């Protein structure tokens, strides 16, 4: 059966997220409870979480989460990894046996720093170096798949219901200031854990619900700039779009969101001249990056959380705030189960991104 | 004793019951196929000169006329078809190059008809064009690599000049001289109302079109006809015509009889002299010369408008398109081998050039491979017969489409392919005043507006069905296309999967 | 204001209608000696030959006059006009007026002939009454003789030829319709009419004496002594303007009531005159004579009516124009036809049965005679009326005149009117 | 009142206006019977003059102060007070053609009775205007407003 990536598998989904602006820690059990409520929005063929702030003791090192399908893949990948990074910790990610999750790959995690010498003669900056290494492993090393490569964060995903995946990875042992979660309803079995969400690159993680009809236009736009869309999923291409706009083009996150969900022309025509020119130029330059079709996306990063809805608001996405915390979910019920009396609840409107910044200075060199 | 080796091609059939001998057909046929009997009471017809332009058929008040192919069988011969035999006879008589008009009629594969469109079912919803705004606004011109932003809503990018079209359809180049001023005026008026552009062609600009210069694409061709600073500056954008799909590699020849005083003024050439546009631009012998001309034009127009380069779809098209882009062309127009023409040698029109579908697909992919596709605009030309062709072209990667034959048909053309004779009964491909007045711009421009408005609606309907509400998301969206009856190689060049996958 | 109009034919009715148009509530009284409401006098020959019923001959529906406030007094002879008292005696009543218009038309001219007057079967052919009598008395056995080969005589002869056994026409001049045809055209028309209407012509002749039994004429004898049996004698030699009333009232009369050519005002400022009784100035040669034709009478009636009721309509151009047909042979004539002066030249175009003669004065058209080629004759008429210099035209005049004889500017005015397309 | 104006620059000399005028003023209102079989043959009120190079369809101007109405000796030629249309009252017309002799535009045709354009007063639009293929005949107010 074709593996995800060889064919494009359309799917519906559930998404959820919690963030504490002040950096207060939230236990894994809360996010599991939230995503679990939306059990019927997924069909057990994919679930996953992203957690930020779970490795304080390694916060300046890259945390690689890797699936190995066989020992050979394990050995090749480790050989490559130790060559390009100074790895000081290598261990299996602790998991618990859950009967609904079976015959998964061997799951390891490594903490390490970039090998300065090798990075210098690759003439790439640190981020580009890491991205190229991850892309190399995932594209070239058969059976090995790096599904998380950020600092002080990590993704946990598998084929199964999200609440089972949470239990499998014993997420109740982790505390993070930013959680995102995803439950998947693919039309057919992805046949492979790597296909589950969230999708990660550096410390970006994306969970996405919906089916973007502009997928091939976006894919063929982004592939102009060195990206390889190996998974053929919407999340992958949206992540690369954000990465390209923010990292390569240095656009602020909310401007990047404007590019993906640009306002409509009749709205632009009604704007005052300054704005009109800005948005006309924006849509002219980035017409290939406009994302069309129903979607709701939550983008996690060390800078904060961004939630966006498609321009026509064809996909549900609810937001709420309570003190320093912000909650997001495909359904309001998934928020109220973990936060019964939020200060404010609203439905994210089309093409108006919500950005919740993290006010802790996590990184010096950023 | 002259032997008539070539049988007539058509027969005009007159239903005597219906014919009221009003003589309308007699006065309307410029090929003089109809005439009155001596007593002036009955109308007779002689079909030798009939080119099946249907002027008499359409104007006959009692619908008494119809045209029939004149069947005069030769012995069956798949190789030596009657057409080849007759063309040999014609050349045996004239010793000259056979000329003809419009695009090649030869049955080469039409890829548009072998590509199917996607639609949303279950996994992603269609978008209801009655509720959501469907956007087909298209912006042509060179784009910078990225947007530089001071803060949200304030960009500091140095934006090159852009051209905004309210539809991805523009009217392709048809010069004043090959078509009548009235035909051009109709296209100009239609372009103004539709919010799109019409291409003036290589015949210079007639003063009557002054009010439409903000809707005009002006061409700089190898003959440089009518090119001066006013001409360049009073336009929406300037297009350097390197080639034309119907006759790649060769120049153009407007016979002296068609060079009336007005045509000669517009082209700045002596009246009655043949207007020859030479095969190459005699100042462009390599790509760097093209860059020089592009910059010269940009300087002449104060960098206020994009410069387009129009090339015929030939082998190695992808490399040429990429080269033009790198030579500074903001817009590259590719004209497929089925594109129409006022006059072109039959052999070249029917054998030289490649289909626009393949040229467009490979060029779009090559530009993407080099990461510069998003910086320039790609315009496809060469026979779009309906809105589905346009959607497929945009999905293959075109920004916009040049249409010429379709609007002409809307204005009365019946594809008789004898434009080169200058006796067009519909007042389109002629300069004869008694024929050009048959094309009343006030009436005809509305028909063209109706046609394009209809196509726009259809494009929006198809996009809605695909779950797309902006043409930006259709452009280059090859996933929306599926091929049927295409070889692996063809699918690969078109970059689309086979139906069923 | 009180208006009185004497005579209820073309001029009288036109004058009354024009006054009503300009003076909504003035009192308008039209007095006529005939016992009929205003009717189409030239149509009596069509009535005679049954081409139109009596009901169709009236100019307006009878209810029209009451609706437009015009009081028609029929069967009343006006006997005298008192200019100082501004009153008119008619029948047993006296009518006072502020403005008076004489539209008395014309009366038949009867040359001296022995034993004709007082005979019951010797009639003129000017009004509906006589036409009615002729229609009743004439039948298949009647042998009719018409004195006068002019317009009226020929129309009478045509009418009679449908209902009588034989018709003889006696004409003083050597050719028929002398006032409108020339030598050549008269000969071909005469031949045509003889074939179609079995009418016998006696040209260059007059009737000198009539034989009678009691008060009925039985025969007539011509100048050359020839005797013709005659059961019905029609006197159609010509007409004279009816100016008796004007002369009695002391108005200036010179072969027609003399009027100001523009306002139709007579020598008395409150009295106007219009139609066959008034003198017109022919714009083409300046001659002062009576132009006894319907269009002229209507124009003069309108001018007089307007002047009488404070309007400003004036007569700017009067000239003769006439269209008549005999057994389908159409004759149109206009302007000066029988001209002798060297300054006039003419051009004759003949093809098949159609005959066209154009009369020029220098480079101006001043007259035409069209026989069976009357298509668009009105364009020639407008050339005559507007005194257009033919050198400014583009096309020539021999064929059927059409808009393309004019230059572009004139064509635009004629066909596009105010549109500046 | 709305009148028919002829634009010679657009007239194609196809003469369809004459064909359709005959049909509109025929007994049968059928284009084939009217133009081929009907007796007496209907007469087109509009006439095209000129040739393929320059032509125009001449038609009655329905003048404000019509010479033909004044010249009519039987009161048959009438100008309708409301619509302004000048038309022939067939019952009263004796076919003397005096109107034809005075019409400065030459728009009255010879027949048993006078024949002239009545602007197809019982239809919504004159047949000649409706069927002119090149919009060379315009039915408009003097200022040009068509609707």
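Order of writing sets the chain letters: A, B, C and D. Residues in each chain are counted from 1.
One rule holds in what follows: contacts are C-beta pairs under 8 Å (C-beta built on N, C-alpha and C of every residue); 3 or more make two chains touch, one makes a residue touch a chain.
None of these values were measured; they are calculated from a predicted model.
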| item | value |
| --- | --- |
| Chain whose average C-alpha position is farthest from chain A's own | C |
| Most central chain, judged by mean C-alpha position against the global CA mean | B |
| Whole-Å gap between the CA centroids of chain C and chain D | 29 |
| Chain A and chain B: spacing of chain centres that average the CA atoms, whole Å | 47 |
| Chain A and chain D, separation of their C-alpha mean positions in angstrom | 80 |
| Distance between chain centroids, defined by C-alpha means - chain A, chain C (Å) | 108 |
| Sites on chain C at which at least two other chains make contact | none |
| Residues of chain B engaged with two or more neighbouring chains | none |
| Chain-level touch network, classified as line, ring, star, complete or other | line |
| Pairs of chains in contact (touch as defined earlier), listed by label | A-B, B-D, C-D |
| Chain D partner contacts - residues on chain C that touch it in the complex | 10, 14, 40-43, 46, 51-52, 56-60, 294-295, 298-299, 302, 321-325, 330, 332, 334, 374-379, 381-382, 385, 401-404, 411, 414-421 |
| Residue ranges of chain D touching chain B (in the complex, touch as defined) | 9-10, 12-16, 18-20, 31-32, 35-36, 52-53, 131, 133-136 |
| In the complex with chain C, residue positions of chain D that touch it | 3, 5-8, 47, 49-50, 54, 56, 58, 61, 67, 70-71, 73-75, 91-92, 94-98, 100-106, 108-110, 138, 140, 142-144 |
| Chain D contact footprint on chain B (complex, rising order) | 17-18, 20-24, 27-28, 59, 61-62, 433-434, 437-438, 440, 442-443 |
| Contact footprint of chain B on chain A as seen in their complex | 8, 10-12, 187, 210-218, 220-221, 223-225, 248-249, 251-252, 254-255, 258-259, 264-266, 274-275, 277-278, 280-288, 290-294, 311-312, 314 |
